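Below is one structure, written out as structure tokens; comments come after it.
Each chain carries a letter (A, B, C and D) given by its place in the written order, and its residues are counted from 1.
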Amino acid sequence: MSAQASNKLTGHSSSSFWRISAISRLIRDPLGLLGLVLVSLLLIGALFANHLTPYSPKALDVKNRLAAPSMSHLLGTDQLGRDTLTRVLHGGRVALQVAAWSISIALVVGLVLGMLAGYGPRWLDNCLLLVFDAVRSFPTIIFALALITLTGPSLKMVITVIIVTSIPVYARIVRTQTMALKEQEFVLAARSLGTSWFRILRVHFLPNVVGPLFILASMDIPVVVTIESGLSFLGMGVRPPTASWGATLADGYAYIRVTPWLVVAGGVPLILTTLGFTFMGEALRDILDPRLRRGL
Amino acid sequence: MPELLEVEKLRMQFRTEAGFGARLLNHEDGWIDAVLDVSFKMTTGQTMALVGESGSGKTTLGRAIIGLLRPQEGSIKFQGTELVGLGDRDYKPYRRNIGMMFQDPVASLSPRRSVRAQILEPFQVHKYKEQNMDMEVKRLMSVVGLPERFEGRFPHELSGGQARRVGVARALALSPKIIIADEPTAGLDVSVQGEVLNLMRGLQSQFSISYLVITHNLPVVRHTSDRIAIMYLGKFVEQGSTQSIFDSPAHPYTQALLGAVPKPDPKQRRKIVSIEGEVPSLRLRPDGCDFHPRCKYAQARCRSESPGETKIGSEHTVRCHFPISG
Amino acid sequence: MLTYTLKRLGLTVAIVAAAMSILFLMIHFVPGDPVTLALGTRATDEMREAYRIKMGLDRPIYVQYITFFANVMRGDIGQDVFSNQAVSTIISHHLPHTVVLVIVSIAWSALLGIFLGCFSAVHRGSLIDRFTGVVTVSAIAIPSFVVSLYSLLIFAVLLRVLPAIGAGEPGDLIDQAKHLVLPAFALGLGWVGYIARLVRASMLEIMGENYIRSARSYGLMEYTVVYSYALKIAVLPTVALLGVGVGNMLSGALFAELVFARPGIGKLIYEMVMARNFPVVQGAVLITTFMFVVSALISDLINAYLDPRVRSSL
Amino acid sequence: MDPVLSIRNLSLDFETPEGPVHALRKVSFDVPRNHIVGIVGESGSGKSTVISAAMRLLANNAVIRSGEVIFNGRDILGLSPQELRAQRGEQISMVFQDPMTSQIPVHTIGKQMMDIQYRRSTTSRAEKRQLAIDMLRRVGIPDPEERLTQYPHQFSGGMRQRISIAMALLMNPQLLIADEPTTALDVTMEAQIIHLLRELKEDFDGSILFVSHNLGLIAELCDYVVVMYAGQVIEQGSVEDLFYRAGHPYTQALLECDPARIDRVTPTLPTIAGDVPDLHIIPNGCVFAPRCSQVMDKCWTQDADFSAISAQHTASCHLLSHA
């Protein structure tokens, strides 16, 4: 009774009101607000990386190697005397670029394949599932290393690896949702009118599948950032001297017994970024679509 | 003059979920008959009710007639044209002749489309362009008694009764000759189910529509339908005019089903239960007559021989070796 | 259960075959020449041709494909061109270290995760629940290789309380256990979070189910309702997740092994990648993939066995 | 003899983001010993909320504003969780609407029935098992010895509802609450369950509080009937009073709408115009006034008090008060 009553009531509020209240509810949730602030800081840092510090990320200063934080170098310098703060800001750019490209491409491909697998004939579903499961059964980093051995390291390969390994994840989510929708009466109703499968997917499935998928994809940003910095840490990501958090961490690891600052400077922004996106994503998910909580 | 709808010897099979082991142990062939040997006719302006318990195959039969499922055997003729075996493209023109109202009024509407979009859907799918669509939507909404301000609402903003009206409007959109109504009053309170039924009745006299109503609600059927078919394990065990079925049920199952409906009258309390046991799984269809394990009157012949349909009145047939007379 | 097991086994075989095919296609169609890769750019044409014939690269592609499968079937996953050792021999030296690390990590994270999740669910909304919530989300969010680096920095470099390099003296179990602490901590931390959250979410969902309401209406002890009924159902999805966990941990183990200079298959892969020794990399990828698929199979079968709805079906 | 259950002036709200829903308002009725009382009402009438309150199985957002739920002379609303648990099962038990989700899926029926008997500390395991078998046999489960080792999913819906009843009655409660126990079942199974409940009531010498929207089942089973509308009791009396001498216009209209009560075949079925009111804001006057065909001026402004039609038959309607 209670659920029924409240359902009926929330239903009456218009959808624009709902969107505004989602933002205000995000701000009222302390963790959600923290996430929003961290993500905003990251975006500002990445966008204005050129203007926030007086240094270039590639400018060497051999006299000031491995310096501890000071007023002129807020986070110190690395083994080549480059300003760590500058490199961290530029590293954020790389991380966000990789996340934006790989997630959006994987999302689109995953969406299409998932809907095809879920709505298409049984044999197609079985074939696609087999491929998805096979790709998923490679441990991501190990798969990435194998591929990069063949092609040589580059930012493009990092993005490719993330796309290839993310597609099955999104496709499986979309497939599950599509299968659930497929048996719903409104889809039967559309089919009974003779609606083409393309129109059913476009008009009836897409709007119902996209929303939850976007929330899940936003929660994947930390994972992608982690893979990028992990590969860069291994020297398999961006090529030096391009700045990346992983590269800074790798430098820090090499000199860990000399100075702790490089490891700290490379790791803290990575941690703050993943925490920020996670807190924000979780809060948004709880506000917009609490049912998603169930599937991890 | 061909019949409006003529179904003959229809058979619908499904693959069982039964695993390899179950097939070995129970000697199952992996297929079950959800609808078996079903034949009937519908005429214009008539209401026919398919009555049965869960697992009787009534919903499957309805979905076969609307073309959502393909029958394995038999024929479905619409005004003389065979629909079984038609490809999607050839089938499509016939779809506008048969509309459907689904069981769950809210779930049968696409969740992120407005009432207007839902009612327009049939026209868009069938590429109606010449007409003035705004007028059509307004006309249909007024026909089913929905105020115009509902045009922009979404399914979750509607009550069960309102959503039901949108469903009726959509089913009516292409001026079908037949509407299949799957449990049209399911989930509605007694005080509002009359509204939906009265609306359907009004539309029938206005547009001379035929209804095929799928239901388990016998008291409602008695008032609203002209003919009744009683289904058990996918077969019609009895069909006839509403009056003959209610006045002189010939099949023991029909009799039991009528007897199981409680009377809202404390003086008519029943001392005995009219029927024991429950509907068996389709996977374990009994030998002989499907109903014999639960039948009070079962005899040796019922255990071995499956009865065919016998005509016992002008429009009254029964599938029983020993029909009850009088 | 028999049907389920057979089906699941068949699926596993199919997945392994598909994964092998993908690997094979990748080697042959990804831009980049395997010969140049193995020998470097300064090799003479004769050297290249000899290598090509030795590796069977001169034969038609489908023959290579069949040979590849046939060899793997026989347990031959390749030959190291540099040392002329069988790849399987090289891997078998490194594998046990990784297996121990993964098993210890998954074990401690599962135990702590189930406890935390259950505790949070029972004390839903309390201060401890909210605190655990923040901690578990953070544990998931922080990359495991950063945890490795920071625990190396804090415990081994700054505090010097735990050893940081290697796997410990062979035969000295206590020393080996000490060497296991930091890598296992770094590897398992995120999974504590995952498992705690999954258990909490499924506990809460189950506590709202009708059968829990029924059980309460019979006046059962809260202990019975929570631990004998709800928790038993709530751990089912966790068991299924652990199989996936092994796969993710194999990736994570690579970082932990590198950072703590611990022998293992991850470190081996990294070194072979640096040395551009593709046969060994390919063999190691095959083995880790196989381990992943098999662990997923095992966890699914355990899950099915624990769930009477699957177990009692034929 | 005092009633086994007595609900006195119970008012209850559900807190929602849009403000409180006044789901129950001044609900009062008794369940006499050894009788079957039916609560009948349409969706939103609050009939399920009343029994959830009586079992104290309310949702978290429910707030009891006032009133008492007196069971055997004690107010259930004031009991500690331990005291409440001592009442449940042994004194008062419940059968729910959906049999398919009412049992623990991962334990056998036998284990669950043994668990329910945990308070029988002096009874041996073998005796408990025998009690469970006897109870299963009593509710019509064939081969109960073997079926004890099976899991819930191995039973059909009708069987599972029988098992639910067996579990609820295992500790011999004085009151069994049944919330639409046959709504999820087919009509032939429904008749069997109703018949079983009536037999069991004789055997176990207890009371049943039966909730349903189906007038036929109420007439078939109950001795007394409580009619609820929009969170209020609007009429109560013996089953004959209600079906033959209904006093409240809502009860009368509800009876008229039931197609099973209409003898002559009619193409147009009667309905009650209008909608169930929004329970966020309760307007002045009678809650049924907007839909009532005999509405008077004072119905819009004054609450109707309960008027006695006969000794046990009362209804809250202004039409009855000036008589």
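General observations
Throughout what follows, a contact is a pair of C-beta atoms (placed from the backbone, for glycine too) under 8 Å apart; a residue touches a chain by one contact, two chains touch by 3 or more.
Source: prediction; values computed, not measured.
Touch-path distance (fewest steps) from chain A to chain B is 1.
Interface comparison, A-C versus C-D: the higher count of C-beta contacts falls to A-C. When you average the Cα atoms of each chain and compare centres, the chain farthest from chain B turns out to be C.
Taking each chain's centre as the average of its CA atoms, chain B and chain C sit 53 Å apart.
Taking each chain's centre as the mean of its C-alpha atoms, chain A lies 21 Å from chain C. Looking at chain A, no residue sits in touch with two or more other chains.
Residues of chain C in contact with two or more other chains: none. Along chain D, residues 43 each make contact with two or more other chains. Chain A meets chain C in the complex at residues 31, 130-131, 133-143, 145-152, 222, 226, 229-230, 233-234, 236, 249, 252-253, 256-257, 260, 263-264, 267, 270-271, 274-275, 277-279, 282, 293-294, 296.
Of all the residues in chain D, the ones that touch chain C in their complex are 55, 57, 81, 85-90, 93-94, 96, 98, 101-108, 112, 115-116, 118-119, 150-151, 153-154, 164, 167-168, 170-171. Chain D meets chain B in the complex at residues 42-43, 156, 158-159, 186-192, 194-195, 213-220, 239-240, 243, 253-255, 257-262, 265-272, 275.
Across the complex, chain A is touched by residues 63, 66-68, 88, 91-92, 95, 100, 102-104, 107-113, 121-122, 125-126, 154, 156-157, 159, 167, 170 of chain B. Residues 209-211, 213-222, 224, 228-229, 232-233, 236, 306-309, 312 of chain C are the ones touching chain D in the complex.
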